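Next, two complexes with subunit A in common: one pairs it with subunit B, the other with subunit C.
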Partner chain A sequence: MATTVVMEALSPTMEEGRLVEWKKQPGDAVAVGDVLAEVETDKAVMELVARAAGTLLQHAVPAGTTVPVGQTLAHIGAAGEVVEAGSQPAGSQAPVSQAAAGAANGRDKAPTPAAPAATATAPTPAPAAGGRLKASPLARRIAADRGLDLQAVTGTGPEGRIVLRDVETAGGPQASGSRQQAAAQQAAGGRQPDAPRPLVASGAAFTDVPLTQIRKTISKRLAQSIGPIPTFYLTAEADMTRAAEAREGLNALGEGKVSFNDIVIKATALALKQHPACNAWWQEDRIRYWADVHVAMAVAVEDGLITPIIRHADRKTLREIGAEAKDLALRARERKLKPEEYTGGTFSVSNLGMFDIDEFTAIINPPEAGILAVGRIADQAVAHEGQLAIRKRLRLTMSCDHRIIDGATGAQFLRTLVRMLENPLALVW
Partner chain B sequence: MAVITYRDALNQAIREEMRLDPSVFLMGEEVGVYQGAYKVSRGLLDEFGPMRVVDTPITELGFAGVGVGAAMVGLKPIVEFMTWNFALLAIDQVVNTAAKMRYMSGGQISVPAVFRGPGGSALQLAAQHSQAFESWYAHIPGLKVVMPATPADAKGLLKSAIRDADPVVFIEGEMLYNTKGEVPEGEYLTPIGKADVKREGGDVTLICHSKTVSVALKAAEQLAAEGIEAEVVDLRTIRPLDHDTVLASVSKTHRAVVVEEGWSFAGVGAQVVDVIQREIFDELDSPVLRVTGADVPMPYNKHLEKASKADPPKVIAAVKRVMYLES
Partner chain C sequence: MAQFDVIILGGGPAGYVAAIRAAQLGLSTAVVEKEKLGGVCVNIGCIPTKALLHSAWLANVLSHDAKELGIETGPIKTDYGVAMKRSRKVSEQNSKGVEFLMKKHKVTVIKGQGVLQPGRKVKVGADVHTATKGIVIATGSRVKGIPQIGLEINKTTVISSDEALFLEQAPKTLAVIGAGAVGSEFADIFTAFGTKVTLIEALPRILPIEDAESSDVLAKSFRKRGITVLAGAKVTKADVRKDGVTLTVEAGGKTETVEVEKVLMAAGRAVNTEDIGLKESGVQLTDRGFIKVDLRTLQTTAPGYYSIGDVAGPPMLAHKGSREGVNVAETIAGQHPHPIRYDNVPSVTYCHPEVASIGLTEEQCKEKKLDYQVGRFPMSANGRARASNETEGFVKIIRDKKYGEILGAHIVASHASEMIHELVVARENEYTVEEVDLAIHAHPTLSEAIAEAALDSMGRVIHT
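For the complex of A and B:
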């Protein structure tokens, strides 16, 4: 029985892919993991690898064809095997990876033999965003009744399934009573706490905070007014004279170049660390505040742009950021980035200074809360310490998702950022 | 209350109903002179005579047909099969005639017959004589399928079956005939279509019938020693299935294991699971598991036979899985 090779989703957002080149021809022997073809996704050129061993029987589509995810591309089977027309899945069929099929088989077998005790002894946390959350029907119902967020509950059942005991532990008396408590508080004239109550203990990768009523109203009203992402803009000007001097000094060391963009990325990351309210994702019914700072950097590529990520930019030195940014930008232009290299940013920076743009507004990359648009650094006549002086000035415009960031919140972040840029020693503080 | 055997409870039921209603009669292989292969009809020939306790030839299809015909003209036959394994020969009369007659005659003709005898396995009777066929009969619209597990239920349900206006498949257990239990004094009926909670518990529901009731009760006892309280629901009637009792119990415990003697495929437990997941999906904390006979012809070898049957260790293992205590 031949195994069908389908167009796989090689990036999180991929819906179709162009088969650039076949690397295996009909009749070629194929081992699991062999590269069958190169596929151009919406983001990069990726390798499609074999999930089964055997002989490549035929190509279902020629090179150069663009096909939707899930469509049959080829068959792998025994040499000389004839593939029946009926064995080809319809074009619309979802791709079934071998891994998934294996798991399904395993589940079928599960009832009789005792599986290894690992699942029982080592509870698996509930899969984070992206993976389907598994919970027993009862656990779901109780969580819904209590207003408990299942995303924040760790499942101890098989494959991380959230079961009754998990919601009981997670909710406890606090969760079951929370509605009544809140109601009682209001009835007594008590203030409804606006302060976010994190459902996840510190140490987690992020903190999900359910929307308070005021945030719900803000998000609804503002979205009605301006569009799905109610954006506002804050502009500030930074004096980059000292930063320019510092950069010159660093580059004079001859140990790699530091660009202004690297400095802005580092300063942005440090400022985000100080203002975590801006380091967040919009998640429809909650706001996800990330613990770590991963700055996405917009890079222009041929007919488009992509945002590779400088992970933990707040913890990296300028030299590290410089080297990494250079490498990412280069590979982005060659379309060689892996999906994990351009997904998962917590805030974006877009720089058009090299094109002599004074200032501009950038469009938020959802679900991030904000993006910083960086203009050019230009000599300007400004009042400096009571005198007219020629200084190197930089205009920064921050686009803010008003559902997450309010004017004052964004302004405070921007003020910190400007102060850091104006006093570059702060970057190593 | 008197403590009597399951076989004597059945004997009492037949005797009482034959005394009450002259149209009730018993027929089958060896029911008269030999007083029944399992002595259920002991003393009946003496009391009621050969016109009402009829020894038949070894012709299941033939005498089952005679029983159906008698029922169609107004008698109330109790047709005894020496076992339900032999009754395969008579299934045409039960399924094609008895079950269909009321429907096909537009309600003019009913078949108030009881087909009874032991079903399932005993000990080392091998592949052809160790089969549980309740799911076959329960599949058929027009049949009621009754399977008592205790002497009290056996008596009360057989009396209800004999009085029923429609055909009842009454499946006993060869290994149950000698079991003893308290049976209420005097006249009583146990309603068809009502399950019975044989043991109360809050942690998990064990749904069982006939011989697996004792399996479930033993498992529940051992589980109690580990602090797990299992509720044991004895279906008693397979068709019509008592949804209310099953659903009430599983709604309380949120976890269930269905135990049956027969094979897994399209078995009674499959129907129970269907009802549970459909009606109370949101009450479930885990998938409902089933403990059934192994999917093989029953081995003659003693050890293989034992390994093929639903037993307390298998039930306990399933309980621990639905409670997420073991994988």
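For the complex of A and C:
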């Protein structure tokens, strides 16, 4: 019995794909994992691999065709096997990849890109309202007893199922170790998002904080005023003279080039680590504060842009960031990025300095809380230590989602960032 | 000199399963094995002992029950040599089966002792092979003696399971030291073949890691069959001769002498960490001598070197190793498998009656000061057990008092090994005792006792 090859969802948001080129022809022997075809998704050109071994029996669609996810592309079976016309389309037979399974369930409609690959068990958001809520009987029982709303709990079990540990940690940002503690905490009324740090409990990938009434009101009123994402902008100027000297010195070592953008990414990551309130996602009914910092950097590609991620940018050296950024940008332009390489950022940086833009505002990449717009570094006459001097100045504009970040919160983050850039030693401190 | 994506050291139940899963995921895979594929489990462990236990079961039924069941046999004659040869055949078949699986999945099998080298390399004989994605250490464990008291394994009068599995005839008398799963199973086997067995355990009861009620029921059953059970017993002296061994044993304040033809050592295992280049490759050990691994990724202290199975830490069980094998292959392939729940690994002893368990014992619940409720159901009240004349044992379920979470479950029954999985599935999915009862159990089955024990824990038992 032949196995049907279907168009798989090769990216979390993919709904259809263009079959660029067949890599296997009818009659070719196929092993599991062999590349059958190249498929252009909404973001990149990806490889479609065989999920079964045998002989490729026929192409159901020619190269160049755009087909929806789930449609039959070919069959793999025994040599000479005849496939019945119209036998099972819709991808019911061929096992689909995990990414595809997610898409097929419609779960990708939740406003959540794939979680950072660094977390071993990528947490899956609770299913969208109306869908069947997956929770273990034990979790349901405990939630009922404690009056917890399971819709607001993020499941970390198989397929996003809510399990014991999820209800034990729900109800406050402080993950508790034992049931007794959780109960005590519940009794105490849980914690507020404005409570002192740490925002993210140690050991957890992130902490979801349910919206307080004041945050609910803020989000509703501001969204009414300006649009779905109520954005405000903060601009600051950084003196990059010392950073420029540091960069020259580093590049003179001849061990790989460091760009100003790499320095900005590193400083942003470190500043985010100090200001976790800006390292967050908007999740409609709650705010997700991430433990790890994954900086997305906007890269212009032909007819669009894409934001590959520098994961754990706070923990990487400038040299590592430089090499990674270069590689990601190159592959982004070739449209060779894998979905996990451009999803899961926690904050974005967009740089138009190379186009001699002094300053600009960038559009937030939801569900992230903010994006930093980086202008050019220009020689300017400024007052420096009481004297008129020519200094290298850089304008930074941060777009903030006001539902998550308030003016003062954003300003504090930006101040830390500017200080780091002005004193590049802080980057290695 | 060859290059693979993954090289696995050891073709036991951890290693060969890792190899198959890696091959399924499209990785080029090699297994290095110095002996037979299948490891201890297939060749000198789980599988041949089950073959012998089946013979023992039949001998027991024929000599104790047959007449009552309407079958006259005349005097029963047993021959351990014949049973042993059959058990070898079963092992051979299983090892061949693993060989076939390696071929089917195009896994390269390299015969010889593998020695790790830095840079993800493995030296086998004169050849050095490179792994581009990962090396998996699955070298397993072996039996060990107690040289401190003069009980070094000499393979004639002081033997281990390795020798016991190849004996041509059952000894007239045998002392088994260590009453864990291995010791208890051999005591059971040899008793059925006419050996006078003394089972000696240093801890206060046999099957010391099981719930005390399980230990008690098995000890009672053993004594009934003529096994001398000495628990809380210390062997203080061993006089090893050519034709036998004299043991001095202290138990319950008394000192006694045990005179036997052979001593079977079943007190623990040593892991195979020597001479495989661990240190040179930066792979560190724990205080207890296991390979140190990150339980989430199964990676050792040396990046790119992973470890699974017995050598990577307890519980030293084939099924735990196999699961680690699946996970390590998926991790190396870049997937994020669900983390292993080490608190949900079933434990089974295949003697008669069988003893199986999952989760916490009642003793552990007490120690942890958990608020729990116990439900019990005796097999003697189960219709199917009565019909089969196998009424020894019980099902015991320990549940959390408030939410009904199944904290632990313990089964002693003729088929406990097959019954326990209902409760493993329940725990894995966080079903409470209520869901276990709600699932309709076919009648008449031994498994009904599980539903009854669940009900009993809620005070609603039907059949007692």
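In the analysis below, the second predicted complex is superposed on the first by the 318 of 429 C-alpha atoms of A that agree within 3 Å, B and C clash if a C-alpha of one lies under 4 Å from a C-alpha of the other, contacts with A are read in each partner's own complex, and residues count from 1 in each chain.
Convention: a residue touches a chain if its C-beta (ideal position, glycine included) is under 8 Å from a C-beta of that chain, and two chains touch if they have at least 3 such contacts.
Remember, it's a predicted structure, so these values are computed and weren't measured experimentally.
> Contacts for A:138 in the overlay, against subunit B (first) and subunit C (second): which applies, first, second, both or neither?
both
> For A:80, using the defined touch cut-off, is the partner it touches subunit B, subunit C, both, or neither? Pick first, second, both or neither.
neither
> Report for A:64: first if it touches subunit B alone, second if subunit C alone, otherwise both or neither.
A:64 contacts neither subunit B nor subunit C.
> For A:33 in the superposed arrangement: first (subunit B), second (subunit C), both or neither?
second
> After superposition on the shared chain, which partner residues are touched by A:163: those of subunit B (first), subunit C (second), both, or neither?
Both subunit B and subunit C are touched by A:163.
> Indicate the residue numbers of subunit A shared between its subunit B interface and its subunit C interface, in ascending order.
Touching subunit B in the first complex and subunit C in the second, residues 117, 119-120, 136-139, 141, 158, 163-164 of subunit A appear in both lists.
> Within the complex, which stretch of subunit A touches subunit B?
111, 114-120, 136-141, 156-158, 163-165
> Residue numbers of subunit C touching subunit A in their complex, please.
Within the complex, subunit C touches subunit A at residues 24-26, 296-297, 335-336, 338-339, 402-405, 429-432, 434-435.
> Please output the residues of subunit A touching subunit C within their complex, sorted ascending.
Listed in rising order, the residues are 31-33, 49, 98, 117, 119-122, 136-139, 141-142, 145, 158, 163-164.
> Mind pulling up the subunit B residues that touch subunit A in the complex?
254, 281-286, 289, 317, 324-327
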